[in-house]
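Shared between the two complexes below is subunit A, which has subunit B as its partner in the first and subunit C in the second.
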Partner chain A sequence: MTDAVAHTPKSKSELAIIITGVARDPLGLIGLVIVGAIVFSAVFAAWIVPYDPIAMNIPDRMQGPSGAHWLGTDQLGRDTFSRVIMGGQVALKVALPAIFGAMAIGLTLGMIAGYGPKWLDNFLMLLFDTIRSFPTVMFALAVVALIGPSLQTVVFVVMATSIPTYGRVARTQTLTLRNSEFILAERAMGASITRILGVHMLPNIIGVLAVLAAMDIPTVIALEAGLSFLGLGVKPPTPSWGALLKDGYALIRQTPWLVVGGGLPIVIATLGFTFLGESLRDVVDPKLRKNR
Partner chain B sequence: MLLFTLKRFALAALILVVAVTIMFLMIRAVPGDPVSIMLGPRATPELKARLIAEMALDQSIPKQLMLYFGGLLRGDLGVDVFSGREVTTIVFEQLPHTLKLIFSAITWSAILGIALGCYAAAHPNTWIDRAAATISVSFIAAPAFVVALLSLLVFAVHLQWFPAIGVGEGFWGTAWHLVLPSLAIGLSWVGYIARLVRASMLEVMGESHIRTARAFGLSERRIIGAYALRIAILPVVTVIGVGMGFLLSSAVFTEIVFARPGLGKLVIDSITTRNYPIVMGAVLVSTGLFVISTALADLINALLDPRARTNT
Partner chain C sequence: MTEKLLEIDNLSVDYETARGDLKALRNITFDVNKREIVGIVGESGCGKSTLISAILRLIAPNTRFRNGEVRFKGEDLLTASERKIRDLRGDDISIVFQDPMQTHNPVISIGQQMVDIQHRSKASKAEKLATAAKMLGAVGIPDPEARLRQFPHEFSGGMRQRIAIAMALMSEPDLLIADEPTTALDATLEVQIIERLKDLQNDFGCAILFISHHLGVIAELCDRVVVMYAGAVVESGTVREIFHHPKHPYTRRLIECDPGHIKERARVLPTIPGEVPDLANLPTGCIFRDRCDQAFERCAEVPPLTRLSEGQNAACWLNHMEEPA
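Let's turn to the complex of A and B:
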């Protein structure tokens, strides 16, 4: 347990240690660079894009890649490169709130399950197992069918389907910590439950969950893109990588650059976050390095 | 073992019951009356009245839930809003297409992944091992529908080596049409399985019965193929069982991209026509499939490794 305490990021210097550790690993460095580039282009998207990503320009429609339009234009004459950059912003707008939300709720429920009475633990575990038993995309489709497609729907689906994963990990960690000496000592001194959970257990659990979250981001980006590809995610004309793929697929013989423009960012983003997550995991907690 | 089997299936049944209840309550929790949502703009008073009577919407919620469960036990998932056909029939017509796709994908990726994993474990820390590890991570990262689209673009549209749409006829036609879709679904599994086999293989190779086999002078190839692999393959069984949900999810996208019939196509088409009972039916059937395959994976594991029986 002392290991976990020592490796938990608490101060800036420890964060710096983690970043240096990741950067020393070649794959981690690649991941760091890719993620950095995606975040940068998402934050400054409005200044980077050469054209308005939703402005139609019919005379220039279905143009191949050229000096004026690096990745060509779509069937409405919109600049693909601008839409790709803006799409990155949309992807992060869905992924980050969804994952933070799922992490917060999963953490709370998991800690309650691990620390609370047995019946509550059993109930929450059954609930988690049930939610995990829906194939993610099928569940997403059912929810979309019910409440209609929108950005909020995607965020909700991602949250609902990933809460169990965070919850289970938080519960296991809580169960192992529960009988450790420093927690028993706190209890003997009469610390309240909220103090034990919030002040003493939380710092020891959050590191593991953060790694899990980093590795979860690609899944979420892919799900958002997938739903938008099916026309069930973000609404047009919002530029999403999935929407680009949808337009490209419909006219795959005329505008194949749309498929490349929508597909490659997803692959690159997924690679970046996966490399970063794997490397982060090895640095933060080498014990987690198991099969996968 | 019998007790374990019973317990595991009881848990699976319980999960299914809760899953159905959640689905059911979700439908009822949607604002507005379900009939108008289901029928959309096409709702005529007669159609509405028929649906209300059929779904017992005039009853109390617990009563409705009981009726729904009763129907499920008889294999009745309701009827198609428009054609009036049984949802069960429609769903089970499409299911074989999806299963064929999933099994072909998991078969090729498991064979290749196990071979890669064995090779990497036999030659640890060589450049081949490192290259395999890097490629594994990269492949795990590739979302099935993006691989599907890019392979459609390159191999079907541009090079025209493979057909772009449909399922084909006859054995060879079917197999030919399965190549690209199962490539898309299986690709991320190759790396995953390879890593899994490599890790568990290295673990097994350190055990005493392998040392004994070595002492008897058996060839390394024989030790890995005949003795170590038998145990090292266990995690793959579990992972495939648990990964069923993931496979089903990838199949949805792949079916759309390659315009193949199947559960995914059925659900998407039903969403666009707001054909509600079919969406629910297909989701429930795929959930059932997932729950059963997870339970089966646990059972196979318990059968092969007695230590796993005490965990649940």
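Let's turn to the complex of A and C:
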């Protein structure tokens, strides 16, 4: 998930500084390794998987771990390890577009709310609060009922429910910054609104949002798994961590390995992104950076 | 020779508040000539900052201009278009703020910020960086090229204020407004900055409007002084006249209160008794009457700012004793 890092508005050397900064922190390094592994396995999933994740092989069903099937097989004899790897790809396909979409839209609306006229601020806040007042799962149920379960539906639901979070943070930051002396100084130097917002406020806000995004990715992965668990996420036979967990839950008396295969990646991914996010938070702020 | 650059003519500014209109500035009149350093002195809350925001029109939403004009090179800034004002800011008129710790963007390098404020120039980025380095050198920052890559928090307060001055002078403005630029700094740095400002004013030939409540700095730096009290000009004139022959009791008391003027060691420093009147609820007559030990019947009327001699104006009835009321 190097994208979250690359999203900070720094030049290339800045990016290098951030990455070395994260790597120097033990927890950050663990996070970086886990996230790197997940991204790598998702990108090269097609070459990594030992079996076709949706190919059934009934004679070998519900096996435990072995040399041939590292994490065993499910009730249809599909290789769990292959399904976990492909499930990671699905998880990132949901999390990344949803998070970046929500971040981009939330940032724009939040800055407009924070810098624009009071009535616009009130209107946008009302909109955000309205969206947030829906319980996510209920909202997802309604959307799925309307347009049917699919990857796009999950992305849409996650994006719609996350925009207010990013919007609120961006708005608060903008409100704090708009009265700061350096923004007054910029105005006194004749800077236009676009220059103030784009050149001076954006770099002050985006670091916070990037950290928020890195910490939000595990939530989204868990949400996607949750929706798939409820049967509202991606359609079978597409592998998803949530779907794996659901199958494992039903078959827990026959084979415990499906729950492990579905649950462990969620735990590891959550930890990895959280460590990375926390480490990023300390590094993106130039003031907290120890030495360059 | 004495070409007028900035003319403030009978300016009155109110703040609309829940308690009624706060009369922040009343009938302010003074000029700044080209290449001249004019000091504005007065205690906190006397309207110095309101005056600056009025000149740059960077005003709070509840500000109301009641009457008067602010003319820059003959053009009224209060009625000029927003676009016109923005073109003036940072080009013909620059400003250095009070607190150097707050005036730079904390997440952008100094070089980047100095390139950014040259957004009006068509020069290439390398040329802009060279200009930035030259300006940093001019304000006495050693090794400017390397320093350009650093962030604001890597500089000391005095350096940051010098950087702020460098940035303000980069566009070679005709008027530099310095809003208490040394208040947040310690005494040694204050002397450094003042010396630097004086040299730069010589080199760049700009006029400076220097706001301070430090009389010593004003006496050192300025050609002329405007003394403000509670939103009005009580006295204005050349530094020599004001400091040697103050014609308004407030100016006199202010000079007496300056620690630099006290000859003997005292346990308690002299102060002016009383408080600044409530600007939302102005008393009638002379604004300084309640605190003035020389007040008499005539002070029930507001004294006009009158010219007493070449280069000295004061608003006090004591200067009109011989003429009939």
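Just so it is clear, the second predicted complex is superposed on the first by the 255 of 292 C-alpha atoms of A that agree within 3 Å, B and C clash if a C-alpha of one lies under 4 Å from a C-alpha of the other, contacts with A are read in each partner's own complex, and residues count from 1 in each chain.
As a working rule, a residue touches a chain if its C-beta (ideal position, glycine included) is under 8 Å from a C-beta of that chain, and two chains touch if they have at least 3 such contacts.
All values derive from a computational prediction rather than experimental measurement.
Of the two partner chains, subunit B is the only one that A:259 touches; subunit C does not reach it. Within the superposed three-chain model, A:20 lies out of touch with both subunit B and subunit C [touch as defined at top]. By the touch criterion defined above, A:142 reaches subunit B but does not reach subunit C.
In the superposed model, more residues of subunit A are touched by B than by the other of subunit B and subunit C.
Of the two partner chains, neither subunit B nor subunit C is touched by A:122. In the superposed pair of complexes, A:152 makes contact with neither subunit B nor subunit C. Look at A:207: by the touch rule set out above, it reaches subunit C but stays clear of subunit B.
Put simply, subunit A uses no single residue to touch subunit B in one complex and subunit C in the other. Across the interface of their complex, subunit A is touched by residues 11, 14-16, 18-19, 22-23, 26-27, 30, 37, 134, 137-138, 140-143, 145-146, 149-150, 152-153, 157-158, 192, 195-196, 199-200, 235, 244-246, 248-250, 252-253, 256-257, 264, 267-268, 270-271, 274, 276, 279-280, 282-283, 286-287, 290-291, 294 of subunit B. Within the complex formed with subunit C, the residues of subunit A that make contact are 180-182, 184-192, 195, 199-200, 203-204, 207, 285-287.
Residues of subunit A that touch subunit B in their complex: 27, 126-127, 129-139, 141-147, 218, 222, 225-226, 229-230, 232, 245, 248-249, 252-253, 256, 259-260, 263, 266-267, 270-271, 274-275, 278, 290-292. On subunit C, the positions that touch subunit A within their shared complex are 56, 58, 86-91, 94-95, 97, 99, 102-108, 116-117, 119-120, 151, 153, 164, 167-168.
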